[in-house]
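Order as written gives the chain letters A, B, C and D; numbering starts at 1 within each chain.
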Amino acid sequence: MIQVGIYGTTGYTGVELVKILTRHPEVKLIFATSASSAGKTLADLFAAAPPIPLIPPDQAPLSQVDVVFVCLNHGDAAAVAQTALAAGVRVIDLSADFRLKDAAAYQQWYHQPHPAPELLTQAVYGLPECGRDQIPHTRLIANPGCYPTSILLAVYPLAAANALSGTLIADSKSGVTGAGRVPKQHTHFVDVADNFSPYSIGRQHRHLPEIEQTLASWHTSPPSLIFSPHLLPVPRGILSTIYAPLSGHWTEAKLYELYQSRYANEPFVRILPPGQVATLAHSVHTNQCVIGLTLTGHTLILTSAIDNLIKGASGQAVQNMNVMMGIKETMGLV
Amino acid sequence: MIQVGIYGTTGYTGVELVKILTRHPEVKLIFATSASSAGKTLADLFAAAPPIPLIPPDQAPLSQVDVVFVCLNHGDAAAVAQTALAAGVRVIDLSADFRLKDAAAYQQWYHQPHPAPELLTQAVYGLPECGRDQIPHTRLIANPGCYPTSILLAVYPLAAANALSGTLIADSKSGVTGAGRVPKQHTHFVDVADNFSPYSIGRQHRHLPEIEQTLASWHTSPPSLIFSPHLLPVPRGILSTIYAPLSGHWTEAKLYELYQSRYANEPFVRILPPGQVATLAHSVHTNQCVIGLTLTGHTLILTSAIDNLIKGASGQAVQNMNVMMGIKETMGLV
Amino acid sequence: MIQVGIYGTTGYTGVELVKILTRHPEVKLIFATSASSAGKTLADLFAAAPPIPLIPPDQAPLSQVDVVFVCLNHGDAAAVAQTALAAGVRVIDLSADFRLKDAAAYQQWYHQPHPAPELLTQAVYGLPECGRDQIPHTRLIANPGCYPTSILLAVYPLAAANALSGTLIADSKSGVTGAGRVPKQHTHFVDVADNFSPYSIGRQHRHLPEIEQTLASWHTSPPSLIFSPHLLPVPRGILSTIYAPLSGHWTEAKLYELYQSRYANEPFVRILPPGQVATLAHSVHTNQCVIGLTLTGHTLILTSAIDNLIKGASGQAVQNMNVMMGIKETMGLV
Amino acid sequence: MIQVGIYGTTGYTGVELVKILTRHPEVKLIFATSASSAGKTLADLFAAAPPIPLIPPDQAPLSQVDVVFVCLNHGDAAAVAQTALAAGVRVIDLSADFRLKDAAAYQQWYHQPHPAPELLTQAVYGLPECGRDQIPHTRLIANPGCYPTSILLAVYPLAAANALSGTLIADSKSGVTGAGRVPKQHTHFVDVADNFSPYSIGRQHRHLPEIEQTLASWHTSPPSLIFSPHLLPVPRGILSTIYAPLSGHWTEAKLYELYQSRYANEPFVRILPPGQVATLAHSVHTNQCVIGLTLTGHTLILTSAIDNLIKGASGQAVQNMNVMMGIKETMGLV
């Protein structure tokens, strides 16, 4: 059994992680921390959650665990990662702290110096379908952002084939759990219901440099990127509609073959037959990324659906743990 | 033209009031206050609102208006009412401060001494369909609560006929605007969507004494009351399902006749044919209270639907203003 | 491994059943029928369903299975049950065909002669928490209706104590999956969203005689019943708010003790501490019935929440199968 | 008073039209037809509609009206238009029958010969902000489609300045009223709620040629077009996120000036300050098109919001009537 702990349990990703880990046949949850709700149980905060006791983070028994999941805000996560690594514990960080390789880029986008730049070189970006091999060799996983997961998995086969050109446009739509659990005016039910809102469109959102960095690692002369998030009146799920101008000559059949062969052995990526489109309903409550291909002239329109809390966060974190610890990758996730 | 001002414009009832008043052919809106957003316009806060300037409450030009609408929290409203009345301005108070006639009951339910007990005798409970005559003779209207409006209009014909017996049960369901605009955990989109929650059920909610006080003014030996509110995943609307045990012998036809004759000349009450039920869709975005009658043995099941922001608050406030000022009661409301 | 088949797979209960059974460690799904979609797979109809082939019902290989689940309309289910029983296969019927013990009552409520009255005596009403012992001894389970499950589990401790008096009122609210998958005007998104509708209130709904029959089996001189269903703008879940006038003298503490002891060993019933209320969020996506107790004078207000597709249909059906087949009752359900 | 009639009153656009026209101070509604519900009133079908009698279309008293609104399906509308025009009545057609100027294009996209090609030359495409002058001189208005309205108003200033280049991408999201009132599987509440679905993406939707035809009338060498509609889980509203590559050198300030001056006197177009984005909440329940401008490199990202039933259909139809009949353009619409 793998002994695990969770830091920051009372956000949406923490609760989803508890749900997955308590069903995982090879995992024992040793501790769950909460700075704000220590002393309560998770069931006090979430109607359907199990009554797991919440402890203060500084009382976490690090010596008893093999792996910790860090579900804290960026900036706060790095210090916990340092402590855990120093104690010999592996870290899967769901925050943004170790996603960007460049501390200067981190400072530019997150408006603070990187809290642990010395760890950046050992952090591995945990998108197993696009780089599974490195995961067992690290002790620090940077779990990808939700939007980047939906976009990167959709364009990876094209990028790996150097087939992108011009400007890649990702028009993404996310459910409200993506905006966090702390109540804000823009997450009030009355502001969200019957509404639909773009935000941080163009080149403003912090997931943009994360997507660009990864694209650049795959593609020679990568395309420029426009990324426009929108808030959907649903609790969960992301659908990205991606407009990818292609270089070279392609047919839908050839594109389908490219995608099918690239993802042939992937349990968590499903390529729809040409012409079919992905919808939120294809992926919510699963760890699947479902991708549709629609060729229009020289532009491939990709529709890519994930559950932002599962494949876009906690499910992928468990997938990374499974790979890191050498157990079956799908364990606890199907 | 009636010159009006609004205190507390940036809550849901204030915004709805602005919408109604700016369409009202006999009203000129002179000022709109906001303690928290003074200096901004209403359009800065609400995407579809007009750019009405928000001023600090202490700069309100009371000498220029005939009527003020007070959309503040209970406790804060009374002081503004005092000031306005002292300046010779009529007051329509949408808070709870003048609904209960008894200062001791106010203290019991609102956990503070009544802020202006000397005004209680002159305040008139503004439910025009059940007491229109008193409204022109007062300068201070206590605008009824949203739940009480839906329940009292539904039981008034029975109560006025002394036909109730036993325990009256009102199982009420409200949209989220009823919970206010300040973001709370229980109004977060993710907590409300796909959910449905009872709260303050039985005899716990502050609207209970308001309903009982009014029932007692109509009915000899009024029935006891159970009142159970629930939060619906919709922005607006209240539906009350009311179980009213009857004394005497009734048929649906006789009940329908009782209701039809009682409300024959009421523009804002609609009695559905026997067997039909009221739904939110009957009333949202209107000032109507729509009532269905279903007789089951000796129990009349009433379904009563209103828009909580219109007939349950700002529409009824304007209706009261129309009656108070002697203009056509439906003006600005159809 | 228990070999099972499903008749009528493409409604909401059929799809939910497939989801549960494919995760059940002791079950092998041998066949799934669909009269209207034979030749397709379930994935052709539901975005997230597995690609299980759908066969015509008359090609179902009954000789290969131990148990069949019948998810057909009432009237159609009985004939399939006859065939399966004749082939030596156990039957769990999710329709209404075997819930009422009295063929005359069936005819009155379902407007047709009972299609298989000779089977009524052997059918066992499958509410394990209130009669687990009979289940292993029958080959025909009548799986309870969704509303009755939410109401009966909530009142069972009182009824078994003969503590009910007067009129029991159940004001129930259900998500739209309860209305079936065939598109109707009243299940159109635009009719349901932002709306809330009572229907068949009082003593009109077909679940009423089912509740009364069971109450009468528990309680001497059972109370009369009013049952008012409402349609909620959510996909799934039922919340029943139940007003139960009590005989005798009770406190919340004594009631809590009654409920706690009655359900002490039940894995699928959760009694909330006195004063807490059940919400849909307590139960959706689980096989739990969650019950809150609020005493108001001599009336106990019960709030009872289930997932209508799980504890209210397919989850309870699997629970019944587990009990019938002598395996662990929670298998596949936690 | 303008005497008007409606053909096809029981769809969403018909009902919205009734709501607008019954408030319009210069209009008298003479008749409302419905082939399927003749003999009923509109209130029998819609909870909040007025009890307007529905008559069979062949009994419509054409001689008593000045204008008819045709809210029928494409293919059916043209014949009614012919009849009305022959009777000397002006026609505002909300169907697609007279939007495309080319009968061959109509046949290609609507899979049937054009039902009245002789009328195509006199039909005027009724987008007042982009061609108000022609409207008073015709007796036949082709009321624009909902998606085209949201897209064309957003790109008109750029197109009129010949400033577009490359491929224009419109990623549009619509509420469910856009899919019509007849119940279908894909408009079932359970299919739509918590979901989000692309459909007919790329160059498949019938609104594409309508947009292209109009763009070509404005822009020399118009850009190619990709148009991707999506279904939102909301009743009403369209938000189009439009990616417009620009020729020439632009700043946000210059673009804002271009838009401001182009729409300076338009009561129904609102240009947001640079950097602000349009949301559904800006426009639902109004006749406004609200447009946001976000410049990203050489691409202008436009966010354009309308209410699909008002500015996208019935409101715009009344606006067209007002212009055609020479009365104030905003009458009945503010």
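Keep this in mind: a residue touches a chain if its C-beta (ideal position, glycine included) is under 8 Å from a C-beta of that chain, and two chains touch if they have at least 3 such contacts.
What you see is a predicted model; the values in this text were computed from it and never measured.
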Seminar exercise, completed: Of C-D and B-D, the pair with more C-beta contacts is C-D
Problem set entry | Longest centre-to-centre distance from chain D, chain (CA-based) | C
Exercise. Distance from the CA centroid of chain C to that of chain D, rounded to the nearest Å?
Worked result: 47
Exercise. Taking each chain's centre as the mean position of its Cα atoms, how many Å separate chain A from chain D?
Worked result: 39
Problem set entry | Inter-chain centre distance, chain B versus chain D - centres from mean C-alpha coordinates, in Å | 38
Exercise. Tell me, which residues of chain C touch at least two other chains?
Worked result: 191, 193-194, 233-235, 279, 281, 284
For this session: Under the touch definition given earlier, write down the residues of chain D that touch chain A in their complex.
Result: 167, 169, 171, 173, 191, 193-199, 201-203, 224, 226, 228, 230, 232-237, 239, 241, 243, 245, 277-281, 284, 292, 294-297, 299, 301, 303
Exercise. So in the complex, which bits of chain D are touching chain B?
Worked result: 46-48, 193-194, 279, 281-286, 288, 290
Problem set entry | Interface residues, chain A side, partner chain B - complex | 12, 176-177, 181, 183-185, 187-194, 233-235
